[in-house]
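Labels run A, B, C and D following the written order; every chain starts at residue 1.
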Amino acid sequence: MSVLHIDAQVVDNREVIKDHRVITCLAPDLAELARPGHFVNVLASEAASSILRKPFSIYHADPHTGLVAMLYQVKGPTTVGMAHKRAGDRIDLVGPLGGNVFEPDPRPGVHHVMVGGGYGVPPLVFLSKVLGQAAQTPQITFIVGARSKDRLLCQDELAEMGVNVRPSTEDGSHGVKGRVTDVLSEILADDVAVYCCGPDAMMRAVGAMCIASGVDCQVSLEAPMPCGIGVCMGCVVDTTDGIRVRACCEGPVFDARKVVWK
Amino acid sequence: MTHLSVKIGTLDLRNPVMTASGTFGFGVEMASIIDLNRLGAVVVKSTSREMRLGNPTPRITETPSGLLNAIGLQNGGIDNYISEKAPFLRHFNVPIIVNLVGYSVDDYVYLAQRITAAGAADALEINISCPNVKHGCDFSVDPLLTFELIDALRKATPLPLITKLSPNVTSILPIARAAIEAGTDGLALINTLLGTAIDARKRRFKLANVTGGLSGPAIKPVALRMVWQAHQAFPDIPIVGMGGITNGIDAVEFLLAGATAVAVGTATFVNPAASLGVLDGLEAYMDEYGIDDVRELIGAVKAIDD
Amino acid sequence: MTHLSVKIGTLDLRNPVMTASGTFGFGVEMASIIDLNRLGAVVVKSTSREMRLGNPTPRITETPSGLLNAIGLQNGGIDNYISEKAPFLRHFNVPIIVNLVGYSVDDYVYLAQRITAAGAADALEINISCPNVKHGCDFSVDPLLTFELIDALRKATPLPLITKLSPNVTSILPIARAAIEAGTDGLALINTLLGTAIDARKRRFKLANVTGGLSGPAIKPVALRMVWQAHQAFPDIPIVGMGGITNGIDAVEFLLAGATAVAVGTATFVNPAASLGVLDGLEAYMDEYGIDDVRELIGAVKAIDD
Amino acid sequence: MSVLHIDAQVVDNREVIKDHRVITCLAPDLAELARPGHFVNVLASEAASSILRKPFSIYHADPHTGLVAMLYQVKGPTTVGMAHKRAGDRIDLVGPLGGNVFEPDPRPGVHHVMVGGGYGVPPLVFLSKVLGQAAQTPQITFIVGARSKDRLLCQDELAEMGVNVRPSTEDGSHGVKGRVTDVLSEILADDVAVYCCGPDAMMRAVGAMCIASGVDCQVSLEAPMPCGIGVCMGCVVDTTDGIRVRACCEGPVFDARKVVWK
């Protein structure tokens, strides 16, 4: 593991949808190492009373420009602090973190299906981008779920990338009315590999559906990540092997079959 | 040349900065992030007779300037430590201190004997103070039990013994005295303060275990006070001070209060290289104030009008 | 209509938000800043038999998310309270709770009798727990002394008695039990945690008194734990919870842990109207969650998997 | 006492000399009430681990524009936080605080002598300004001390105000080489009234000199001010009456004769 502690320069920070922003910073070494599923641990500020770093998935990482971006929902001390940053300010990052990241299914001709909700979407956008760079452009479907149209993330970007975007909204204001599983159920097939990140309930439902259909499904779990480097045992998740493993080191991406949901 | 080395019993530390048990794992992950050989000692996670899964999750939550944890001593057990962790750690040129935890005097003696026989540590830290496990505190609040435990360990191993005390007591002095009389080589203080946190919106405790141990900058004033009290009462016993140490200045404060060495815990979560930052900061302080020997700082705090 | 009133013994509070002794003076300065009549009760600074100058300065210093104070009970004495402070406070329509402090049972009884005779308070808070004065803790660590003190006071006055406990003990339960058996109407917890702070550059303590009492958000996890422990052990005794309460959500947490009322201390320094902000926040919480009676919250915290 | 808790808008924030900045904000009610010697208690930030407010003397207060300014030395959590503020940001103030402020000596023809050092200079600038607004322009001498020329505060401004500026520097790089007391000793006379604010040692020396010469001297003391409103008893100072009084309420300005120096 090669973990960097970086005082990166913010180059951009903007709102994308209500309460959700993208912060872009210059961190060439991180941009080099980052893989889809990796996250960084962000420090609110040295002087803050909230002392723990908080984890954010890497959304974009470009080794050529050295830029790395995270998409975040503004909710607590760390993300409020992030929202205040302007171009030129510094941001304190530890990363890339994650001992097990998304593994593209190596089967030729496999149909990659992303299922994302909320701030679970950005790591899957990163994954789609990396997959799209393969010599043989693969088939990628991206199911994005949200409560309503204005909460759907990364729509334009995904459209531009040429992936097959399948939005679903609970209120039917855009795409299929319903949940991501309603869309997924139509797509599941033997040649499909599923990659899922979103709220627990979503991952659980998607995982169960895939397991039932015998389809491989990788889920990226959310757990508190006090250290992110494997030393605090605060992030553990129970696995079907009857052991408790660290989401930061043995995850955050797990085979859905291994996860014991709470 | 700045003199940084200190001694705890027969244990020589090249400098007074060590890691706090439970915040550095078994050194394996840290070895790829920092140079372990620069540390005064590596103190590993509490190790027990059998493998333990620890408490259910969530077992960590944030509080103002602090961290509440209820990990509950998850560890692979002594066999795993001796067969897998110790051989790895022995590749480094740094003293290893194993933190032991058990349910009974027998457990502790067994662990000490296994470690001693395997040469798997340079000293033992005796954790009688973990607030996150049932009966984790029986020893730490009772001088007689503490005496019995340390006395048995003293007879069981020649390794230096550091007894880690609980801050959740009316006075640490009777417990410290018992440990000293039983032959401990040093005291480690403090372990975490017992606390809890509640989610008002969910109307539930934030930790599955209900209570947890409070660490981090929030507890530094309490830790400094206890180190000072113990040092006043027992000036000859080396103390490993800890509780919220984040930088070199914090370390100097603990030394001034009477600690011979310091341990860095929660700060490692915030900054993986915090322990080395503390060491660098301590050296910078000594340079700035022309202090040649770190031992000049130990217990050197004065009253305001002195 | 939201029901906010609670009772401590025979004392009716129109809402559960009071001020913490020593952080609101005698209400005189505050009266020009906030509407005292909106408070559940005003708890004034500890009052002693004779006037006291308190400790030398500096007697306050900052710590991470906390405040260390060693004021040492500076107050004008009981004569001054009765002749000057009480008449002023009686212009308001708010219960007055006088916090009493003494060196002996006699002192306390004398103070209680004077206050009772003068009608200068609606309840008494018995401070057996101030860490900043010599012998300030004798009562607070000894169940027998606590019983003796509260028993004598119980016989000396019909006023409701609230016994304020120290958190600097192995367990608050024996002390709480003693106070309850002697007839206290309520418990107040917690007073400050004993701590110290050192100026590394000057190599001196930051407080002239060396140690002080830690308050503020830093201690909230410890305070919540103690309130919960006391409420579990003595579900029928009203508890005034305090320690780091800054806003309405903090107050809800204390109520959920088992407090019947809460007190706002250090937060008043940060925001002079903090106590009213806590009250507003509590009401907003009750509105949001459709809670009609604040008493539904008392002790209502559940385990995570309940 | 009328104490305001204000969420003021910052309109300007600039460095004046190394590590010293002036922050100006819009606070009309405060500008109305402020008198020389008054201070405000500033909160670093709600999320900071340093929870106490810190006191800053009012440097400028203009009831016409509603602007209030403080001159501060950047040294710790609060002042670092203040230094980060930009125009448009908010600053959280409690004030005006101080139960006893500078009282202009009412004797006709009196010679007002200000003696200031470091961030003790700003409240005296405010006082000079207020005195200068009198119908009969009074005689004002302003002794400013510093280590060296580049540390002297408010020079241009004082010159513009038409007061008699008497700088002194320890290294002699500007004005009299020496201390403020070297200048003061030449000026002290029966018709003089001294107003002093600066480091403790300076105020002590100035006070002693004035007492010896029978000249009235008002000093503005520095003490920690946890609450600033008289309820915490953290700011007390010993007086020659043998009592301990609150610097926030019975001060911060005291008759030098009353002060027991430590």
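In the analysis below, a residue touches a chain if its C-beta (ideal position, glycine included) is under 8 Å from a C-beta of that chain, and two chains touch if they have at least 3 such contacts.
Everything numeric in this text was worked out from a predicted model, so none of it was measured.
J.: Identify the chain pair with more contacting C-beta pairs: A-B or B-D.
T.: A-B
J.: Taking the mean of the C-alpha atoms as each chain's centre, how many Å separate chain A from chain D?
T.: Inter-chain centre distance comes to 54 Å.
J.: Please compute the C-alpha centroid of chain A, do the same for chain B, then give the distance between them in whole Å.
T.: 36
J.: Report the inter-chain centroid distance for chain A and chain C in whole angstrom, where each centroid is the mean of the CA atoms.
T.: 47
J.: Note the residues in chain B that touch 2 or more other chains, in rising order.
T.: Those would be 58, 64-66, 216-217.
J.: Going by the contact rule already set, what residues in chain A reach two or more other chains?
T.: 49-51
J.: What topology does the chain touch graph have (line, ring, star, complete, other)?
T.: Topology of touching chains reads as complete, every chain touching all others.
J.: Going by the contact rule set out above, which residues of chain C touch chain A in the complex?
T.: It is residues 64-65, 217 of chain C that touch chain A.
J.: For chain B, which residues count as touching chain C in their complex?
T.: For this pair, the touching residues of chain B are 56, 58, 63-66, 68, 141, 168-170, 193-198, 200-201, 203-208, 210-212, 214, 216-222, 224-225, 228, 244, 249, 252-253, 256-257, 285, 289, 300-306.
J.: List the residues on chain D that touch chain B in their complex, please.
T.: 49
J.: Please output the residues of chain A touching chain B within their complex, sorted ascending.
T.: So the residues of chain A in touch with chain B come to 1-3, 5, 43, 49-53, 94, 223-224, 226-237, 243-244, 249, 262.
J.: Going by the contact rule set out above, which residues of chain C touch chain D in the complex?
T.: Residue positions touching the partner: 22-25, 28-30, 32-33, 45, 53-54, 57-62, 64-67, 69, 71, 74, 216-217, 266, 268-273.
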